[in-house]
Amino acid sequence: MSGKRALYLAGIAVVCAWVLVPLWFIAANALGGQAVISAWPKPFIPDAFSLVTLGEFLAIEGVFRAMLIGIEVAVLCTIFSVLLGLPAGYALARYTFRGANAFRLMVLLTRAFPVGILALPLTVGFIRLGLYDTPLGIALMHTALALPFAVLVSASLFQAIPRELEEAAWVFGCSPFQAAIRVVMPLALPGVSAVAIFAFVISWNEVFAASVLSARNRTLTAYLLAMLSESPLTYQFAGGLLLIVPSVLFIFLVRKHLFAMWGIASR
Amino acid sequence: MRGRNLPYLLIAPAVIFLAVLFFIPLVQTIALAFETRSGPGLGNFVRMADDLNFHDAVVNTFRFVGLAVPLQLAAALGMAMMLRHLGKGRDLVLWIWTIPLGLSDLAAGLIWLAILNDKGYLASLLFHLGIVSEPQSWLTYESPFALFVAVVIAEFWRATAIVIVILVAGLQLVPKEYAEAASVFGASPWRIFTRITLPLMKPSIQSALILRTVLAFEAFAVVIAIGGRNFPVLVSEAYNWQNFNQEPSVAAAYAVVVMGLSLAATALWLRLLRTPAEQRG
Amino acid sequence: MAGITIDGIRKSFGNTTALEAVDLEVADHEFVALLGPSGCGKTTLLRIIAGLETQTAGRVLIGGRDITGLPPRARGLAMVFQNYAVFPHLRVRDNIAFGLKMTGADTARIERQVKRTAGLLQLEKLLDRYPAQLSGGQRQRVAVARALAVEPAVLLMDEPLSNLDALLRLDMRAELKEVLREAGTTTIYVTHDQTEAMALADRIAVLHSGRIEQIGTPSDIYHTPATRFVGSFVGSPPMNFLANGTRILGIRPEDLDIVPNGDGMAFHVSVVEPLGAQTLLTGTANNQMIRVALAGEHHIPPGADLHIRPRPDRIRWMDAATGRALPAGTEPTP
């Protein structure tokens, strides 16, 4: 191996370490047991791993519940985004119709806004509708964040499925609906699941709207933010780890679609 | 005719949804910001500007966005170019580099808090190296510059991933033949990068910058996680006015300022990095 | 009985007219090729017959039944698509069976038909593969097998060979002809390749800017083109056209003979292309470009001055203004 190549690979390794080592540190902090918390200097590899801190954190009143609410909100947001986004994406991909460009522009426009902030005026209306401080209310707001993404990505997914396949299905006896179920959906499924996972992560991570729209029924992210100032560092790190795990897992699941999706969604 | 209405039927739910949960709150936010007890006016903006933290929030926000976003772009460009020469293991490296993409800014803030707090891993490393002898408290109001650097590092660590993804995706659309043609005609690697690759990547650089600038103006949990209330930015002030001061209209005024900045940044990037129609391949 | 009647089909997209009042009669068991350059409307016509496109005016009848308003699935036809449109998520077996399953055929019939058509197209060993594991030619066969499996009254084919490489195309063409003759299905076949149309079809309909220029057997189309367009589009190299007052003399390159000096017309050779089976000469006569195709090999140097004469029985006279062939008996003597 030439020196240049070695230097290049070393560079790659350094960047990998830059990403991975901080993740390791928060895990070591959260899983290192009682000893790590007050240790000085901190051991880079804890002497023993234990789930004690994590267990204590989960035992705090409200934490486990916040986690469940966070999951509930994210699942609702995923369902809404897919149910609303797929048909719209299909329409953009398959039909030319007056207003198609206006609709696309409207969807793109939402990106120029910090959508989470728009939760501010919603509190009043949500209180009136009984949506304030409910998982459904937060999920609706999160859908406004995830939906534009779902529309654009599913449009590109459907565009990548040749129209001829659908036409062949029609010629060979399918109604349009049957063709959508038997031919289009199986082919779009991997991409659709990636869209769903992204909607989940967007919701799971969102903190501003979730904080503004809830008081007692907080998602894990909003709960953590609210208790930052009054909880010890260890619990903050345990909470941080809980936030990270599902996200990292999900990114692993969608890694194959990441580039196709962003290549198209950001055009 | 049913067939002709079908596309409208398909987009209707999404349109109605966005109207109710995007456009209406958008209008409401603006209305709320300009609403005072004595009718419409700039009262909320005056109260916002008179607040002690306002000046710091504006300065901090601009410094934060102005440093974090260009850093992310530069690093992501470099990383995207590095990937081009990687054969085996490219997928693995790419996955590792994009892990932070799925993390919230709160999580990123907590991760860097674990490293940068007084008994954190950075202080421990310096101790092992013999540079310091006792815990170091950097992240206090007494050292705003250290706070600022910590927040930028956390956001840089987290959000460079999304820029990489957008740039790599864009790079995949640029045929390698252009660079090969340039090298056949004698261009050096650096000239190929600046004269061929970079201009062809302009559309993806543009969308990465728009996305990142808007989201950077919006970041606040990372700021709260690392600096508490010692490093105010515009959105964290909006959050405080809403949650602690119970003054939604001043919070809305902050929101309008943030929206204005986001729109201005988007317009700026659209204009600075536009690709003329005749150059689109 | 499944003849096809196309009755005054018109199609316009906004202000542009893709088809203007096309009439075409296809007999039961007949193979008709729609031949024309891209944009002539041939694919649009095929898609209207399939029900994938809605015509602006006119009717389509299959076996005497008006199918104009029916959706594709109710028309009782099968289609082979340009890019095959073989379902990538289904095995070859399920692709072939797809149409039968949709019509609710019983398992025994499905199995029988899959076996039969797979045998016909030599796919027996590939039945459990996915399309991604097949070559282009094999995918093409699956598309044909899928169409034949439903035993359609009418088979529509849209440039089915255009995505194959040249050698494979030749093989598939012969194979297709054999398979379709055995099946005896009424077929409409869209192509821009005149050799393909000549090789396969019982009759050819030549389309040009949304109009049928001529319908006839391959021999009719080749030897007695009805218009200047047909003469220049069919045949490679195309027919020569020599202006002669208000008339045009059309003559195929192979219908020009080299004659001794002093006879016929003077021909100055500029390019010589020895193609093996024939030698192609390009040059000028009477200041007009002429191509001459001589059978076999000839050692003629570029720049040579020769004399050529058209075979009188092969001359096609056309009106210079309309580009239409003149009716027999009105031609002048050369």
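We just call them A, B and C in the order they show up, numbering each chain from 1.
Keep in mind that, in the parts below, a residue touches a chain if its C-beta (ideal position, glycine included) is under 8 Å from a C-beta of that chain, and two chains touch if they have at least 3 such contacts.
As the structure is a computational prediction, the values presented were derived from the model and not from experiment.
Enquirer: Hey, which chain is the most central one here, using CA centres?
Expert: Closest to the centre of all protein C-alpha atoms: chain A.
Enquirer: Counting C-beta pairs in contact, which two chains come out on top?
Expert: By contact count, the leading interface is A-B.
Enquirer: Roughly how far is chain A from chain B, going centre to centre by Cα mean, in whole Å?
Expert: Inter-chain centre distance comes to 16 Å.
Enquirer: State, to the nearest whole Å, the distance from the C-alpha centre of chain B to the C-alpha centre of chain C.
Expert: Measuring from centre to centre gives 58 Å for this pair.
Enquirer: Give, as an integer number of Å, the spacing between the C-alpha centres of chain C and chain A.
Expert: It comes to 53 Å between the two C-alpha centres.
Enquirer: Do you know which chain C residues sit against two or more other chains?
Expert: none
Enquirer: Given the complex with chain C, which residues does chain A contribute to the contact?
Expert: 162, 164-165, 167-175, 178, 183, 186-187
Enquirer: Mind listing the chain C positions that touch chain A in their complex?
Expert: 50-52, 71-73, 75, 77-79, 81-83, 85, 87-89, 98-99, 102-103, 146, 150
Enquirer: Within the complex, which stretch of chain A touches chain B?
Expert: Spelled out, the residues of chain A in touch with chain B are 8, 11-12, 15-16, 18-20, 22-23, 25-26, 29, 38-44, 80, 83-85, 87-88, 90-92, 94-95, 97, 99-100, 103, 106-107, 110-125, 140-141, 143-144, 147-148, 151, 201, 204-208, 211-212, 221, 224-225, 228-229, 233, 236-237, 239-240, 243-244, 247-248, 250-252, 255, 258-260, 262-264, 266-267.
Enquirer: Using the touch definition from the top, list the residues of chain B that touch chain A in their complex.
Expert: 4, 6-8, 10-11, 13-15, 17-18, 21-22, 25-26, 28-29, 31-32, 79, 82, 85-86, 91, 93-107, 110-115, 117, 119-121, 123-124, 127-128, 134-135, 157, 161-162, 165-166, 168-170, 172-173, 203-204, 207-208, 210-211, 214-215, 217-218, 220-221, 224-225, 228, 235, 238-239, 242-243, 248, 251-252, 255, 258-259, 262-263, 266
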